[in-house]
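For reference, the structure I am asking about is given below.
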Amino acid sequence: MALDKNGIAQRIAQELRDGWYVNLGIGIPTLVANYIPKGIEVEFQSENGVLGMGPFPFEGEEDADLINAGKQTITTMQGASFFDSATSFAMIRGQHVQLTVLGAMEVSENGDIANWKIPGKMVKGMGGAMDLVASADNIIVAMMHSNRAGASKLLKACSLPLTGVACVKKVVTELAVLEIKDGAFHLIERAPGISVEEIQSKTLGKLIINGDVPEMNL
Amino acid sequence: MALDKNGIAQRIAQELRDGWYVNLGIGIPTLVANYIPKGIEVEFQSENGVLGMGPFPFEGEEDADLINAGKQTITTMQGASFFDSATSFAMIRGQHVQLTVLGAMEVSENGDIANWKIPGKMVKGMGGAMDLVASADNIIVAMMHSNRAGASKLLKACSLPLTGVACVKKVVTELAVLEIKDGAFHLIERAPGISVEEIQSKTLGKLIINGDVPEMNL
Amino acid sequence: MNKQVGNVQEALKGLDNGMTLMLGGFGLCGIPENSINEIVKLGTTNLTCISNNAGVDDFGLGLLLQNRQVKKMISSYVGENDEFERQMLSGELEVDLIPQGSLAERCRAGGAGIPAFFTPAGYGTEVAEGKEVRVFNGKPHILENALHADFAIVKAWKGDTEGNLIYKATARNFNPMMAMAGKITIAEVEELVPAGSLDPNEIHTPGIFIQRIFQGEKFEKRIEQRTTRSK
Amino acid sequence: MNKQVGNVQEALKGLDNGMTLMLGGFGLCGIPENSINEIVKLGTTNLTCISNNAGVDDFGLGLLLQNRQVKKMISSYVGENDEFERQMLSGELEVDLIPQGSLAERCRAGGAGIPAFFTPAGYGTEVAEGKEVRVFNGKPHILENALHADFAIVKAWKGDTEGNLIYKATARNFNPMMAMAGKITIAEVEELVPAGSLDPNEIHTPGIFIQRIFQGEKFEKRIEQRTTRSK
């Protein structure tokens, strides 16, 4: 069965390692914080200027001055710190953040990503995404395998304006976990009950399948 | 009579304008703070990270963590702030400091300054001087007219390694106030009782004398 | 140096049609509400606004867009601001979208006398078009220029009469860098205190960067995405 | 994330001959005394030290110079350090003297992922030799590269177990930028407190930049130029 958004987040959370600073984008990536594996400690950075983000506040305890990059009200953990946007991106550009998880409209087989603009139709802006993808060593994309029209989002080449070039290391969708290397998507894991054939049929970019592909272990 | 160091500082203090942020170098420049004209307010910046420097502390009240760029113990005024060295030089490079006063070994008629090195003999380092002279719009040099060997320090061209190029606007010595423009020293004022001839004889760079040169009013 | 002015009107003196403004804030968090509302009243037009976002349709910079006072926006994110997106797509509004980190660093550079710097952000994208590319340590970077503004308008939590500022939590965001980059920088603060009331060690923006400061009359501090969890 | 280590020995683990170190401080103010004293004991040699000054003959980095542990100094000011000047003039010590503002900005750039930037400082001087010159707004600037270090060693007033740091007064100086630019950054603090004890709004260096933190055993905090006025 294909994963729901929480399932994707849960699978991505398995990629977390103890001691990492992590930047989670808007949407599915935000949910990753709900599934931190037992026994490991990670700290969340939000590019609007906070390190040590905590859960959403209880009703009535929202603070307009304390939000995340998705403009949602948040709280902080013990040991948190606030800083300005230049310092925040110094952390990102200077590779002090070990993992970035973000959404995408398209990802190509060489790791290009597009997620900020549909010419003539929609422009959300790149926000911090271009800095994040150009800087981080470890970038995981969380997205649906196909767009609303049913077209694959894992392509030979992106058709939309790029956010970054050859930067995505892994993609986790409702169907699969794919690693990007040597100009191809490598199928690492299938969602429970999803066949390799289905993943193959929904992936337009070059897909490498090596032997038996295990199911995710959620 | 030629001025002493305090006299030079006192004359330079007349150049201060209300509302200015001022950076005073080591030596004579430091003394300028003792002669702020009545009715004007200036604030002193020290490049090691303090704005709103006050007088030296009373004995027993020295704080090892509170010094100026000359490594002297200091105090702060109300409304002072501390910041790191990058921010400090952001203030300087970004021209938020209106006046820089510093010492020199040599100044040339086009405003070059040398004050950090005598090849093979002495190297103090440029410290913040290169940033200061390259950045500030208004740079006044406080120095003796001649060096210890009796040679003029106001030259056609500097013989020592430069600190900055075409940047000095004014020089105040124990003998004179000189403005630098159009490739020459322009004699503006004489120290009380000092003759134009004496100044001329001790100035190797091109010296422009226009009409009667008034005495300083200290 | 006393930077205090009586009110927002006095703070905005000299603001004129066609000027470039920087406005602090991220979304609706930490925006100079009082100044924005006053600029709406003043009706100043043809403004170029440098701001990470443009507020929402009926609050913050969105009000200036609704009122057609903005000729050009320099931002990183349009987000859910429908009027912003509409004016941009229709061509009524010039928009320069730049990566958020580059925006922050370009403002800082403007204030710090750094005319240009290299960054990897945007390499290989539209953002890099026409910009110099250079490889450092095997990685391509693009050259970005400093940004400057006629007026920078920032919002702080506490300020003193010398212009020293302390921001609160994530309302800091772009305010410190923009404060550095204005020919005239205006700070509106929630609480204005006498010089000497703030600990010099806790100042986020030293007063040297501020030309005018006033206590805002009213701060609505609207929340854009109120999210909570249940007890 | 707990960054606390037991002592200075543990903090300096992995320090090796030939490495590049950044050391915070201005003169003797805000220097990591405990770490320096330990490096003297360790006898590590062939070090490249990036530090604004090199202490005085018998305190701070001067001790490493006396002990011939330093191959190269990257500094802005030699000042009254006779041994530094002597070794430099005799050629025993390689010295790269760079303008103080460029030194600060190059460290920040190293930590911030900015490989290079333009600055007016040093144009037309020895410092500009071999460097690219470019004119911005009619003014010549030179291109300066980022600095990095194997270990950055900084000193703070207070720190928590997450590595968050607060400096005191002008002992802040180069420490925050160097903290950003080390592959491994060590913070020695006068007072180490549990995470959550420091106000997140008052942190000068966020813990993300710090890999190891410990409370220094003893801080002499020597004063270089004791100057006073009479009552």
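Letters A, B, C and D mark the chains in the order given here, with residues in each chain numbered from 1 onward.
Here, contacts are C-beta pairs under 8 Å (C-beta built on N, C-alpha and C of every residue); 3 or more make two chains touch, one makes a residue touch a chain.
Here the structure is a predicted model, which is why all the values come from computation and not from measurement.
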item: From chain C, the most remote chain by mean C-alpha position; value: B
item: Distance between chain centroids, defined by C-alpha means - chain A, chain C (Å); value: 28
item: Between chain B and chain A, distance of the C-alpha-averaged centres to the nearest whole Å; value: 55
item: Averaged-CA centre spacing for the pair chain D and chain A, given as whole angstrom; value: 36
item: Junction residues of chain B - those touching two or more other chains; value: 50, 82-83, 86, 89, 92-93, 135
item: For chain C, residues that touch 2 or more chains besides their own; value: 105, 108, 112-114, 119-120, 167-169, 200-201
item: Which pairs of chains touch, using the document's own definition; value: A-C, A-D, B-C, B-D, C-D
item: Chain B to chain C touching residues, read off their complex; value: 19, 21, 41, 43, 45, 50-52, 76, 78-83, 86-87, 89-97, 135
item: Contact footprint of chain C on chain D as seen in their complex; value: 105, 109, 112-120, 134, 136-137, 141, 166-169, 200-202
item: Partner chain B, residues of chain C touching it in the complex; value: 1, 108, 110-114, 160-162, 164, 180, 195-196, 200-201, 203, 206-209
item: Residues of chain C that touch chain A when the two form their complex; value: 26-30, 52, 75-79, 85, 88-89, 95, 97-105, 107-108, 119-127, 157, 167-177, 204, 221-231
item: Complex contact set, residues of chain B against chain D; value: 46-50, 55-74, 82-86, 88-89, 92-93, 112, 116-117, 120-131, 134-135, 161-166
